[in-house]
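In order of appearance the chains are A, B, C and D, and numbering begins at 1 in each one.
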């Protein structure tokens, strides 16, 4: 039987931090040994989140580098961007493994980082070595790194949805993406805008053409396919409790058939335990609470265009679930270990 | 044709203030002429709430007593308690009509006010003259006053539900009330507790035995029936967008029949345009968006006990709708004018 | 003061029929005098829908042509497609005005009707004379007709969103439309698929490239602009209680500016009381419960592409509200009469 | 390592059947080997419920006793009441273990069964031997039986909430219970009443004083405490996706203290892994997706009355979770095995 690893979650009171704790508690080979949050003096974690009562008996503390180093070997950074890049170097110096859920190590090009996040990157040395943690495409690199840049929620759904068609050079690089997301993607913030009465039964588009995940989508699709795509990315908030549903509009260079597309995806993802390919359009609810990304298609009658739909639970496959998948790979565990 | 009255809404950006504006816009005899909010420098009201675009063309400003007096004759105070009692006297001195939606003028006994609201009352003079604005029981007094204390949302549903049985001396005075409410009753606040993800699909009880509306319920039931009730009041928050659903448990002094209860209520409310009496338990959704309070019953087989259910839209019959009903009565309009 | 017209709602127990009753009850110049439903033996309408108690006192009956003719002068047909075309001719023969909310009289081309609705049209004579009831573009024709084909919910939002750009020849005719709708658009049916637990918190796309509203969208956009568009139409169901939110992706023939688009729309809709044009993307909730269609834009940085978002309440501006707007125009009432 | 048991779920397409499959898939010592539903010809289970794709590869079939016997050793009967009693005897005769989630074996008194379920009991022989499957109180009997009557959802929450106070003789036997439940408790039925638009944002009480779970609550509380309670049980449907929240109103024989109640519950449930006792009122969401029952209290100032709140996920602790807990006990597994 394998030995348990000691893990820490920094930023354990945000949505992704809380989900990490929930998932790690069911992981047979991980032991949560350090939880931090800037918002709390040392407080029992289950006092902050009563749903964890009887499940975890550990305090949530302010981050302290010395204690951190003593307490854990694997660090999940569920921190705001710009904060991760200040803490990751300290941990890496001490030979710790770091899985960063912020955007800080995803974009290799620091000027693109600055464009989207309005902040000058402070840790270029580690940025170069960071591996983009999308296991479906970068498993070999993830195995060998100690710094994973965990993908964004929108990018995960969109890249998994588009990469096979792009890599196979079947589609044109001009693509329109209409994505629908729960508000939890925006973090746990005390804003009137996030009040129940503003979100429930509501839908709205935001940041047309300029959402910060656009740079990440374009970079990683290029890394995977070699193609620079011209992407229109239009995110929406919808009043659902979890999940992202991305509808991608693509056009084919040559006439195609439904089965050729379907088989292409089946082939690409045949060894990927968390990608499911359907002959119909998926429903969001089928992935909620799981680490699956569900993909389905619709083909136009003239066989020149398709919609590719890709959906996932934004806090699991779109964040904390993939983070644990990355931990599994980095630690030599089974890729599915502890995940459902 | 009657002349329009000029009205002001102070606190126009809270939930009840916004609902007042919505309802007043459909009132044929009222003209909104002054809107205030402490949160905004003069701003077009429809910029704050885009849903009012093309419907109202007026600024929302900081309160100023001189402008207030010039602009309107009827003032709706949709202000926090303790604030209303500072402003109402200024308006009353200038012979304005005031309909206060806060708790400040509801409790005649200042020590009970202090007990529940932790604040020493500052306007005892007007408190004495204030009329409790429940038109179903105090219409004659409302006609003659210039200061209405508009009822609380829970009290409105509960008093309308219980008063006929108490007044007729049919039930014992020990009563249990289990109430379910939307979170909008707590006001539009930027709290993580009110985040969509905390409210949606959630239910919880709060303030058992000590909710601040308890004093109001007991006082008014006594004013109406002459009886001092021993009430257990247990409010709950449920993840619905609007409404209050109060389930009241009563016991009878003598065996009763369903039809005698039903007829009692029909008789009491025969001239009340906004109370509907049913032979079955009402559904919350049937009153949402309306000024109705729906009441229904269930009788035990031994005919000794009953549940009385009373429900309403907390922002309409539980606040702004009744406020307009009060305005109608104070101004000599038809009681139903402008209300649905 | 104008005389009230007597109106009938056929199919009064579906979602659009029920909404018609709700709206007509607030209409000062209409009197509901006949309600039918195939599902009920004569039953008090407020027994079927308790929310109408004390508001309407009329029975809902099985349709009978003789009674129909005696009872009303204006008929709203909130019937399934293929049923309307059997009843409308009988009413038109008796000089009644008919506003049909089904799809039966929307498509002039009977072979396109057959393609999308799998049914051979049975009333070509009236089909020719029917006027498409989108008041924003066909008001003059609506004034003179006695048969209005009330637009579909998706088409209303999409046509209002796209027509100005197409008519002005600014955009290419290849357009992608990603629409999000409440499930109420599918009618009040007893299906496990429509069970609360299947809809709440769910999102899914359906009928990619083949939804039956596609023919209507293309025909009417051509009628308005003279252009035959190549449209990709991708509808989704989302777990909201009401509304449609259509996101349209367009590309410009020449570089454009935000203000030129905005002004174009302001100009087109300056006399349309129910279309509001925004400089930002609208939010669905701002139109719920109203007859407004809200339109907003986002322009790409290269000024070659835009998203046009158009949203409405599917049961009001997308069905029953526009139907009443049409009635107002047909009867010479003010276009806004009785609508909010 | 323990050997896996082969299990069957009869009625695998209802809500509790589906939840059983979900939970059993995560159980390390159970192997699902037989799934039935009267609604389907042999169909891949993951075609019926796409969310199980890649997780289970088994057909859902019509029930056949011969196949049943060959396929499994433990049978979960997620069947309608009156159906279970026809199938359980066949399985028991073949020495199979049966966990019945219907009401058929819960009420020892067949006339009470008939009163509440309007059906004459057909299997009195097994009824006598059946053990009520509430592990917190009947673990020893569950260990030894091969027929468990799995408790109802309302009764589970209510009995766990009240039993300690009754058993300790601290409270009077007249108790009022106001319970709030998701609609999923009523089963997956194709009814317009269960349409999303009827449930979302709605609340209503139903079956006052006569709900069929009342007999079960009274019987089991008597079995546990020896006291015959006079219970007013008032269930409500609320528009939440899962869960039951029971608010119980009790009065004390003598003055009490908060800590004495709290300690009483802590003591009673100290060896119960799935009951959590709080000093505050619990929130429903903290138990959703788990097998926990959360209990909390509020005490009146005069120390004579209390509210006891008990909440759970109706499909897990209120049905399928407890069923698996019972399986664990019957099979000698750890009580918590496979449950979260």
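The definition used in the following text is that a contact is a pair of C-beta atoms (placed from the backbone, for glycine too) under 8 Å apart; a residue touches a chain by one contact, two chains touch by 3 or more.
All values derive from a computational prediction rather than experimental measurement.
If we define chain centres by averaging CA atoms, which chain lands farthest from chain C? Would you check?
So the farthest one, by centre of C-alpha atoms, is D.
If I rank B-C and C-D by number of C-beta contact pairs, which comes first?
Pair with the higher count of C-beta contacts: C-D.
In whole angstrom, how far does the Cα centroid of chain C sit from the Cα centroid of chain D?
About 46 Å, centre to centre.
Quick check: how many Å separate the C-alpha centres of chain B and chain C?
37
Find every residue in chain A that makes contact with two or more other chains and list them.
As it turns out, chain A has residues touching two or more other chains at 198, 201, 239, 241, 282-283, 285.
Can you list the chain C residues touching chain D in their complex?
Where chain C meets chain D, its residues are 15, 183-184, 188-192, 194-201, 239, 241.
Where on chain B is chain D touching in the complex?
176, 178, 180, 198, 201-206, 208-210, 232, 234, 236, 238-243, 245, 247, 249, 281-285, 288, 298-301, 305, 307, 309, 311
Which stretch or stretches of chain B touch chain C in the complex?
Touch list, chain B to chain C: 26, 50-51, 53-54, 273, 276, 278, 282-283, 285-287, 289-290, 292, 294, 340.
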